[in-house]
Every structure is written in structure tokens, then in C-alpha cells.
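Chain lettering (A, B, C, D and E) follows the sequence in which the chains are written, and residue indices restart at 1 in each chain.
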Amino acid sequence: MADALTVAAVIVLAIAAVGLVRVLRGPSRIDRMMAVQLLGSGSVAVLVLLAVGSGTDALVDIALTLALLAAFASIALATTLAQKATAAAKAEHAPGTPAS
Amino acid sequence: MTAALMATTPGGLLLVLAVVVPVIGILALWLVRARDIEWVAIATLAVNLFLSLATLQAVRASDAPLVYLVGGWLPPLGLALRVDGIAAVLMAMTGAIVAVTALYARGQFGFDPQGPERRRPMVFWTMLLAITGALNLIFAGEDLFNLYVALELLTFAAVPLVSLDGSRDTLEAALRYLVFALAGSVLYLLGVAVIYGAYGTLDLVVLSEIRGAEGALLLAIALMTAGLIAKTALFPLHLWLPPAHAGAPAAASAILSALVVKGSFFLILRLWFDLLPPGLGTIGANGLGLLGAGAVIVGSVLALRQARLKLLVAYSTVAQIGYLFLIFPLATGSEAASPFASLAWTGGVLQLLAHAFAKAAMFMAAGLVYEAIGHDRIDGFRGLGRLAPITVLTMTLAGLSLMGLPPSGGFSAKWLMLSASLGEGAWWWAVVILAGGLLAAGYVFRILMPAFSTPDAPAERLHPVALTRELAALSLAVIAILIGFLPLSPWPLLAIGRLIQVSP
Amino acid sequence: MLGLALDLLIAALVIGVALWTVRTRDDFAAIVGFVAYGLLLTLAWARLAAYDVALTEAAIGGGVTGVILLRASIRLKPVATARKPIGARILVGLLCAAISAALAAVVLLPMTPAPSLAIEVRTHLASTGLGNPIAGVLMAYRALDTFLETVVVLLALFGVWSLTPDAAWGGRPAMAVPAAAFGPLPLFGRLLIPVGIVIGVYIVWVGADAPGGKFQGATILAAMWILAMMAGLTQAPSIGRWRLRLLLAAGPIVFLAIGLAGIPLAGAFLAYPEALAKPLILLIEVALTLSIAATLGLLVAGPPDVTPGVEP
Amino acid sequence: MTALVALFSTAAIGAGIIFFLAGTVGLIRFPDGLTRLHALTKADNLGLGLIVIGLLPLSSSVGMALKLVVIWALVQFAGATVAQLIARVARSTERGE
Amino acid sequence: MSLATLDAATLYGLMGAVLVGIGLYGIVLHDVFIRRLLAFNLLGGGVFILFGVIARRGAGAGFPGDPVPQALVITGVVVAFCATALAITLIERLAAKDEASDGDDHS
């Protein structure tokens, strides 16, 4: 079974890697970010497959950490973009300041 | 030899304290009231000066290095601290310069004993203590990774000093400095990896007795040297230094120019003289000497062309660092037993000492000039001699040492290196040393000529400057001169505890 | 052989995203490439059976580093950059390739047996009371490195703070967040943070005997704090507060106090009396976890820019 | 029994891989941001979920199985949140870019 | 070297060597500070991986790897993160100053 799980890990990683084409192509920031999000899920899947295949508890803990922090990059991106948009909107409405 | 060295020696605890006391000072600074930070910092540096002098005395008295096994673990598993003769001398130098700088910086940076905590004094004093601790560890460290941590400590302490005034230019200088320093650190770390992979230990004493895998060792030393050169600002990687050192406040510039660049330089010395088997690195040593020669010439010429005093002094650092690298071709030599090698070795260490004292004095004087006349443009220095006689005297004495005129530490250093190069028949290094001295005379006189001339109109002092601060700067310049009265021969002190003996 | 296929894939992807990160013209795309690099390196560390390092990379490389880089990239204006002349690129490329080749040569000529301190680490581990050899190295054999590293972390934070405007000294990082209640984010934070804290504490706790430890656990805790700040659930604290300073300094202070106590009690600085070794190390780890978590969180929050006493 | 377990696990993991594949294909082929987002969510939820379900009977301890479930829940929850946040930002800011 | 004798540690060692080259190339050739910072981190990742390879080869005494280099890497990763945070703050402050002075020029 361990071999089969390794094969599954290779396939999942390969699929997630193909998704990285979106990082290359874009076009928007969000497209690029989504590809990394997919790679994150794929990495978690690879780690749990390997963990069960080899019976290594530590690998599950690594997957747990990745899963916990999986959303952080996207959240940082989304909040900063939204915050910047709010700031820009404020600047536009404020009198006397030239819109950039 | 190793068995005897690998035990904590009496007085070894001094080394632990030299590293730990500045850290205690930092933690205390964070927790005391705003009005207490100055005296806490100064008290810490006073204790540090005492510890460094006690270390020097202990090494002299026992005629052997001090060693401390941290946690009682024997290397290569554990970490040891070890101070040999040269490290003890440099620790004492650091203790003295930092302590005098503290006196000079007292009451500066908008420190207000009544008011709330301010950014600038808090950052300055914290980072000054951090630099002290980091340098002590660099001198006392015996493990290459432990030394890496010390290097990073030094970088993180030095960068905020560069941008202390927060202007755009100093931010850019600090960032450029950080990039060079980080790239240097990571190259150093790469060398550490190669050495661990080849030998399974990072302890300098253990490593100095292992042989084999010379290819890996050479690659590692090449990588580490390249990284450390970037941190030391050796030509042609010097571009970050002048804006960084000229943009920092005078007290910080003094520390950065006199001491911080010497930290990474000292590690290059460790690698080349304690790790590299004799005769292996001749080509590399000549290469380093060549870069050093380039630094002497290019740095001096650029110093000559500066309009502002602080930039001139900063370019002079580029040049004076160049001399230090002449140690490598002169003291590694092809023959390990060359009598001239130890001459060059002492000369190089003297150059390090003399430059540290003279340059710290010079930057402090530059700060005092700025306070006296409100700018540091050299063409506006007419009449400075009457306005600030002590400061001009400081610049004169420090300048004598930088030029290498007798009697001064700079003269002794250059004389010894000159003798070594002529003795070894390598006259080309002698030419560089002499040319550098002439160029230095040029830029020092450019400062002093107008300062000693009478002004067209009587100039007025903008701000009064405390006499103690002027005397602090002067005391360092006087030490730079006094070093010139030491005997012109190899110091036995510098041979104590060397892992690979260059001379019999 | 199957394992090697996985390793080949990972290595190829790591090199691919590294090349992308260096070569792309778009700064944001480069940063996204770097975040992918962090994820893939985590896999590489797991494959190298360096589970403690993989945890560190997952928490730092895959987690908080991405956060600071992405936030910065949105706030920074893109800077037009000219490519260096082709001659310079070729020259530098050849030089870098030569360094890579030299390193590869060192890698391909392995020593047999490979030098290692594993046996020595094992021999003395019992006297530390720890089961995880890496905890043994970090807390006993090379405790000085670890102690100084906590000082480095603290200094880095102080360096970040030093870049603040004079007037904002003693204030708090604004940690710019979007308008209150940004979609499901506050709810996400409220639910995830308790889980994250449990996981962080768990990682620290298992660290004594299994892969894990204070740096990894502290990073997870820091990430939870950052999430609370990004979700607008809490504000960053004012840097002048004495209690915050004490929290930041507590780890090094406890470490130092126990280390100095070792001089009379165990014969050396940073030595532990054998009977008390494990409880003392755990005490240090707890204090360090709190301090490092607070420090890392504040490193991400950035320098204070809200003047003390003045609210926007 | 073991053969049955192996069959179940293989089927579940295989199905999970297919959802990952579908997610990737969607991410690459779908024409606009929001549909791509939809595809991505499928991979996160169902792909990883099915893999975890397939792994549960194979895991060596109850603790490991429990952690697997937590991992799946975390990724699920994070994925849903990120999808919402991204959708919001995509509507409000990325239109002009 | 044929594929049959290639072990995982050697493979990752070669990867680390290549990463060092890529990172150095980026540090030297990029003008934009944030890109240099990324290259520094790529380079750091390569160096750390080399430590990991050395650790893996030093497996013994029942450990899957020599714990000493692994411990060094953990220290190194944390230090590299601190450096990144400090550098990013400097970059942002510098950009803020530039933007402020741009604004002055236009008004």
C-alpha cells in the first residue's frame, strides 16, 4: 500500500504543479495567488499520503501546520488589497487632493 | 596540544561575562525608566571595559589563551569560547573605544532625562551595547556557526545606527548596507556547511588539527572570505560603506568605522591564519593583497575628492582597510618560518589598532565640527583652529596616524609592514604603502590647511560643546599616537595561542 | 525508486519556481513564486527526514514570510527595472554556475563514512532528559547559539521599530486592516485562532521528545496573533508598554538566569544540574515560546506608526 | 477485510485525485477569475476530503486519524474563507486591472 | 552518475547547489531591493538544504539524520526571517519617503 500511496503523492503533486502555470500566466494577482493556494492543498495531500504510507507521525504534524497556515498568504493579499482600495477611495473623495 | 586546550581555564568565566554583560545591559535598558537608560548603558560599558582589560591581563599573565567550555560540553559537540593574544588585544581595544564613545555620546540624540522615552537615544544605546556584545563574541568565539550568529548580531545592531536620523539618504544607505551584509552572511554560512560536510565539526581548534579534504576546505574558505570581504567593504565591494558611515550620527560612525568592519575582518584573519594549512593559500593571499592595494589607492583618491569631511573620513576608511589586507601576502608567505611574516603580522595588528583609535577620533571630531559651525564642508573650515582648538588638535593627531608620520601608531604599523615587504623582496607592496601614505597626507592636509588658516571674518561658534566630549575625542587620538611608542618589533603577546605558528 | 520519482519531481519544481522568481519581470509574480518555493521546500525537508526543519519551514517559509512579502508588494509601487546588459548577465551567470558546479562537485564526492555527530548526540542525550535530539542540540550542547539567537530576534524587532518616525515612538503599529467585518474574516479568525493556539501549544509540547519545539510552535502562535490583527479582532499593542517589553524580554531573561545559575549549581554557564535538566529546559522553552511568539508577531506587524495618545 | 479496505481506500484516493485534476484543469482552462475560483474550491474540498477519507482506515493510530480529520476541516474552512475573500476583492478592486 | 546510484540526499544536494547559483545571480543582477531580498531568501534556502543533505548523510545512532546541522538550520531559518522583516521595513520606509517627496514636487 505504501508504494501506491507514494504513486498517489507523485500524481497529486504533478497535478498541483501543472496548476502553477497560472502563476506564470496570471493575468491578475488573484489568479497567481489561487495557483499557490492549490499547491498548498496539494502539498498537504502529499504530506498526509506520505505520512500514512510510512506511518510517520511527524509528517502529519507538518501537514497540520501547513493546513493551519494555508490561508495566510491569501488572507494577507486580500486584506491588503481591500485596505488599499479603501484608502484610494477615501483619497478620491477627499476634497483638494489630486486623484493618483 | 588539544587536550590541554580543551578545558576551561582559570579566568575563562571572563569570556562568558564579556558576552553576557552587554546582553544584560540591553534587557535592562528595555525595562528601566527613560531617564535611567544613559547611566545603565554607561555602567554596562564600564563593566565591559573592566572585563576586557582583565581578560587581556589574564592572557598576558598566563601566557596562554583563556578557554571556557559552555555548558561543560566538550567540542565538537559543545561550544567553547577561547581568547588568544590577538583576540584579547582587540577586545581591550573595543572596550576602550566603546567606553569613550559612550562618554562622547552622553546627552546626545535629544536625550531628555525628564521627558518620555525617545527613539534616538533608546536605539543608539541599545545598539551600542549590542555591537559590544557581538564583537566580544566574534573575538571569543571558537565555533564557526556560533561566529555566524555573532556576525548577524553585529549586522542587526549596526544597520539601525546607519539610519538613526531617518532621512531618505540614510535609509537607502542602511538598506544597501543590509543587502551587502546579508549576502555576506549567507556566503559565510555556505562555507560553514561545506566545512561541516567535510569534517563533521565547526570548532576552530579541532579543525586546525584535522587534515585532508583540502579541496572542500579551500572552497569553504573562498566562499567565507568572499562573504566577509563584502561585510568588511574591501575594494571593489566598498560601495556601501561611505554613504552608510557618513550618514550615521558621529558617535555611531565612529563605532561603525573603527570597530564594526574590524569584526568581519578579524574572522578573515581567523580563517586564513588559524584554519588554512600553511602554503595552501598563496595565490589567494596575493589576490587579497591586490584588492587591498586597490583599496588603498582608490579609497585615498576618492577621499581626496570629497567636499564634505564625513565622506572624506569614510573614504579614508576604505583606504585604511586596504592596508589590513596586505597582511595576507606578507604574513602567510610561502615559507611558514619567514622572520618577516611575524613582522607583518604585528604590523597588521598595529594598523588595525591605530586605525580604530584614529578613525574613531576623526569621526567624533567631525561631529564636533558640525556642531561648532553647522556644516562639514571642508571649504568652509577657515578659522576652525581658533574656534575649536581641541577638536582641530584631535584631527591633527588622528591625521598624523592615518598618514603614518612618526611618532604614531600608523607609522609603526606601516614601518613594520614596509620592512616585511622589503625583507621578503616584495617591493611592490612597499610602493603601495608609500603611495597610500602620500595620498593620505594629501587628504589630511586638505582638512588641516584651511582649519589652521585665519578666517576672512571672525567666525562664531553656533553651539557650545561640552569640554568632556572634546576631550573624549582627543583621548582616542592621543592613544593612536601613543601606540607609536611601543617597540618596533613583533609582539610576543600576539603569538599567544595561535593555532598555526607562522614564526618560530 | 518510486520515492526517487517524487524527489525528482520536487527538486525540479523547486528549481523551476526559483528560476521563475529570479527571472520574472513582475515583482508580485516573483513573490508568489517565492511562496510556492517555501511550500515545495517544506516537502523537500520532509523527504530529507528533517521533520523539525520541515515544521520550521512550513511555519516560517510557507507562513509568515509570505505574509510580510505579500503585504509589502501590494503597498509598494512597482518600480520599472531595466535589464542589465547581456554581457553582464552572461558573466555573472557563468560565475554563479561555477560556484554551483564547485558545490555540486563537493556534493558528488561524499566522504565515507560521512562525518556526523549523531552518535555523540545520542550518547549524552539521556543526561538532558530530552528525547528529541534536535532539542538536545538547541537547548544543551549549543544552548549558547540558541540564547544568542533569541537576542538576535529581539534586536531585529528593535531594528524594525527604530525605523519609526520620532513622534510615533511608543505608539502602536497601525497594521492597516480593511474596514471592520471584512466578509467572513472575523468569524474565520474567531474559530481558527483557538484551534491554532491548541496546535501551537501541542507543537511546543511534543518538541521535547518528538519533532516540534519552541520556534515552530511560537511561529504558529505568532501567526494566530497576526490573523487576529488582520481580521480586525485586536490591535497591535503600543511598543512603549512595560508589560509588552517584559513579555518580549522574559524568554532571554529566564534563559540567562538559569544559564548563570548553572555556574554554581552545575559547574558551567548554561549547564543544567542533571536531576533538574528536563524541568529547567521546559521552563526555558515555555518562556521562550511566549517571547518569540510575541516578537515574531510584532515583526510582521511592522514599526509603530500611530502616535501614542492619538487615534486616527 | 483488508482487501475490502484497500479497495475502498484506492477508490476514495483515486476519486480525490480526479477532483484535484478537475480543479487544476478548471484553474487553467476556465475563462474568468470567479469560475476559476470555483474550480479551485472543488479541489480543496473534495479532492483533499476524499483523500483523507481514503487514508482514515489505513492510518496507524487513532491520534493520526483524528489529526487527518482536523487537517481536512482546516483546509476546508480556510478554502471557503479564502474563496469568499477573493471573490469580494475580485469584485471590488481587480476589475480595473 | 547513473540514475540507479543517485540517492535522495545527492539529488537534493545538487538541487541546493543549483539554488545557490540562482540566488547569487539574482542578488547580483537585480536593482530592485525587494527582488534582491527574494534572491537572498532563495540563496538561503539552497544553503539550508545543503545543511540538510549533510545531516541526512550523517544519519546514525538511530536518528534519520545528524541532529546538529538540522538544529543549525532551524536557527538559520529564524535569523533569515528576521533579516527579511528588517529589510522589508527599510524598503517600505524608503518607498514612503520617495512617495512623499514626489508629492512635494507636483504641488
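Operating definition for what follows: a residue touches a chain if its C-beta (ideal position, glycine included) is under 8 Å from a C-beta of that chain, and two chains touch if they have at least 3 such contacts.
Since this is a predicted model, take the numbers as computed values, not measurements.
Enquirer: Going by the stated contact rule, which chains contact subunit B and subunit D alike?
Expert: Touches both subunit B and subunit D: C.
Enquirer: What chains do subunit C and subunit D have as common neighbours?
Expert: The shared contacts of subunit C and subunit D, listed by label, come to A.
Enquirer: Report back the single chain whose CA centre is most distant from the CA centre of subunit B.
Expert: Between subunit B and the rest, the longest centre separation is with D.
Enquirer: Given the contact rule stated at the top, which pair of chains has the most C-beta pairs in contact?
Expert: Greatest number of C-beta pairs in contact occurs for C-E.
Enquirer: Hey, how far is the Cα centre of subunit A from the one of subunit D, in Å?
Expert: Subunit A and subunit D have C-alpha centres separated by 12 Å.
Enquirer: Determine the centre-to-centre distance between subunit A and subunit B, using the mean Cα coordinates as centres, and give it in whole Å.
Expert: Whole-Å distance between the two chain centres: 46.
Enquirer: Counting only Cα atoms for the centres, state how far subunit B is from subunit C in Å.
Expert: The answer is 31 Å.
Enquirer: Round to the nearest whole Å and give the separation of the Cα centres of subunit A and subunit C.
Expert: Averaging C-alpha atoms per chain gives centres 19 Å apart.
Enquirer: Using the touch rule from the top of the page, what residues of subunit E touch 2 or more other chains?
Expert: In subunit E, residues 20, 23, 50, 53-54, 57-58, 66, 68, 72, 75, 79, 82-83, 86, 90-91, 93 touch at least two other chains, as defined above.
Enquirer: Return the residues of subunit C touching two or more other chains; collapse runs of consecutive numbers into ranges.
Expert: 3, 64, 75, 99, 103, 114-117, 121, 141-142, 145, 149, 152, 156, 159, 163, 182, 185, 188, 192, 195
Enquirer: Using the touch rule from the top of the page, what residues of subunit A touch 2 or more other chains?
Expert: 29, 33, 35, 57, 61, 64, 68, 71, 75, 77-79, 81-82, 84
Enquirer: When you check every pair of chains, which ones turn out to touch?
Expert: A-C, A-D, B-C, B-E, C-D, C-E
Enquirer: Can you list the residues on subunit D that touch subunit C in the complex?
Expert: Going through subunit D, the ones touching subunit C are 70, 74, 77-78, 80-81, 84-85, 88.
Enquirer: State the interface residues of subunit D toward subunit A in the complex, per the touch definition above.
Expert: 6, 9-10, 13, 16-17, 20-21, 23-24, 27-28, 33, 36-37, 40, 43-44, 47-48, 51-52, 55, 58-61, 63-64, 67-68, 70-71, 74-75, 78-79, 81-82, 85-86, 88-90, 92-94, 97
Enquirer: Quick one: in the complex, what on subunit B touches subunit E?
Expert: 77, 145, 148-149, 152, 155-156, 159, 163, 167-168, 171-172, 174-175, 178-179, 182-183, 186, 189-190, 192-194, 196-197, 200
Enquirer: Quick one: in the complex, what on subunit E touches subunit C?
Expert: Interface residues on the subunit E side: 1, 3, 6-26, 28-32, 34-35, 38-39, 41-42, 45, 48-50, 52-68, 70-75, 77-79, 81-86, 88-93, 95, 99.
Enquirer: Residues of subunit C touching subunit D in their complex?
Expert: Answer in residue numbers: 182-185, 188, 191-192, 195.
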